[in-house]
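Naming follows writing order (A, B and C), and every chain is counted from residue 1.
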Amino acid sequence: QDVLAAAPSTAGVGVDQELISSVPSENPTFVARNFTEAEVAYCRAQPSPAASFAARWVGKEAVFKSLGVASKGAAAAMKDIEILPNQAGAPEVTLHGEAKSAAESKGIAKILLSLSHSDTVAIAFAQASTA
Amino acid sequence: QDVLAAAPSTAGVGVDQELISSVPSENPTFVARNFTEAEVAYCRAQPSPAASFAARWVGKEAVFKSLGVASKGAAAAMKDIEILPNQAGAPEVTLHGEAKSAAESKGIAKILLSLSHSDTVAIAFAQASTA
Amino acid sequence: QDVLAAAPSTAGVGVDQELISSVPSENPTFVARNFTEAEVAYCRAQPSPAASFAARWVGKEAVFKSLGVASKGAAAAMKDIEILPNQAGAPEVTLHGEAKSAAESKGIAKILLSLSHSDTVAIAFAQASTA
């Protein structure tokens, strides 16, 4: 029984999409409130910063959904969900602050994320699991 | 070996999308055939009932795909896949009738679902697992 | 501990989308380089070959992302990721060549995939797991 309780299990999934044009990545207040310095530096260095900010934005929303906690709307600290590329170039999620506490309280130990964008739409999928 | 057989494992995944305008949520026959009374009450109370019906519709399709059973097209009982918000506002899946039987015969014990819609497009992702 | 190490765990997820019109399925070089003979035969027999090729194309990209290996861009052997319908009509992934080696080196034993297309957009979700 204990072994089964410890076996990895998916706790939640999250999907999100937005028109790239609807994410206000030119707005410095929006960017400063929602993205870490490392995320900003990464997005600004990409071929299309607007697409990169939008992909990360929907990524944060998808991760938030995968945690299965009630939304606080604009008050949700999206900056606490940091998404940066790993060595293979794949998006890797690091939680800080309240997002980290929420995940820990639910036994969530791993969050997998994938991002995609076309010319106009950004989409993200997240999966939170217990190991 | 028995322990491993009982460890949770993903049985199937499902993704679906539709233009919100292509889901005939104004058609009472379509609504009555495919949505439960609780779903109809919930969707009608949302800011955009059309978007809510469309999100639930693609959610049902995504859940159906995650079950991995052969499609019966229009004859598939989408009403047997009920999607209602839980206390945190996240979509929760309850199966009835044939959908429930199909899931049980495949050992599927849990279905996770996430929904998203923009102004024009609804999208859903479902994951069916054995525990 | 050994039992836990062997319990199934999700290794990676992948999402991808493309406008159907942006996938050059009328280009024989593109098709021959990226699709197996069985895939070509299947797609050509569908009601909308362009939509079927596009769905498989984003499916291959999603599977590639789920493997978590560094992208080689145009040099990635997408033909090594073969997607054909199983008996229930659901997409089933078979890996060949380098994709197979990459999966084996990461302990990936199963890849689940779901495809969807509207009139204009194709989308795919993949999940790679260790059992």
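The rule we apply is simple: a contact is a pair of C-beta atoms (placed from the backbone, for glycine too) under 8 Å apart; a residue touches a chain by one contact, two chains touch by 3 or more.
Quantities reported herein were computed from a predicted structural model and do not represent experimental measurements.
Asker: Can you tell me the C-alpha superposition angle of chain A onto chain C, nearest 5°?
Answerer: Best-fit rotation on C-alpha atoms: 120 degrees.
Asker: In terms of residue numbering, is the interface formed by chain A and chain B classified as same (over half shared) or different (under half shared)?
Answerer: Since fewer than half of the residue numbers are used by both chains, the interface counts as different.
Asker: Distance-wise, how many Å sit between the C-alpha centres of chain A and chain B, to the nearest whole number?
Answerer: About 24 Å, centre to centre.
Asker: Note the residues in chain A that touch 2 or more other chains, in rising order.
Answerer: 3, 7-8, 10, 121, 123, 125, 127, in rising order.
Asker: List the residues on chain C that touch chain B in their complex, please.
Answerer: So the residues of chain C touching chain B come out as 3, 6-8, 10, 87-90, 112-116, 118-119, 121, 123-127, 129, 131.
Asker: Tell me, which parts of chain A touch chain B in their complex?
Answerer: The contact residues of chain A facing chain B are 3-4, 7-10, 12-19, 22, 61-62, 65-66, 68-71, 121, 123, 125, 127.
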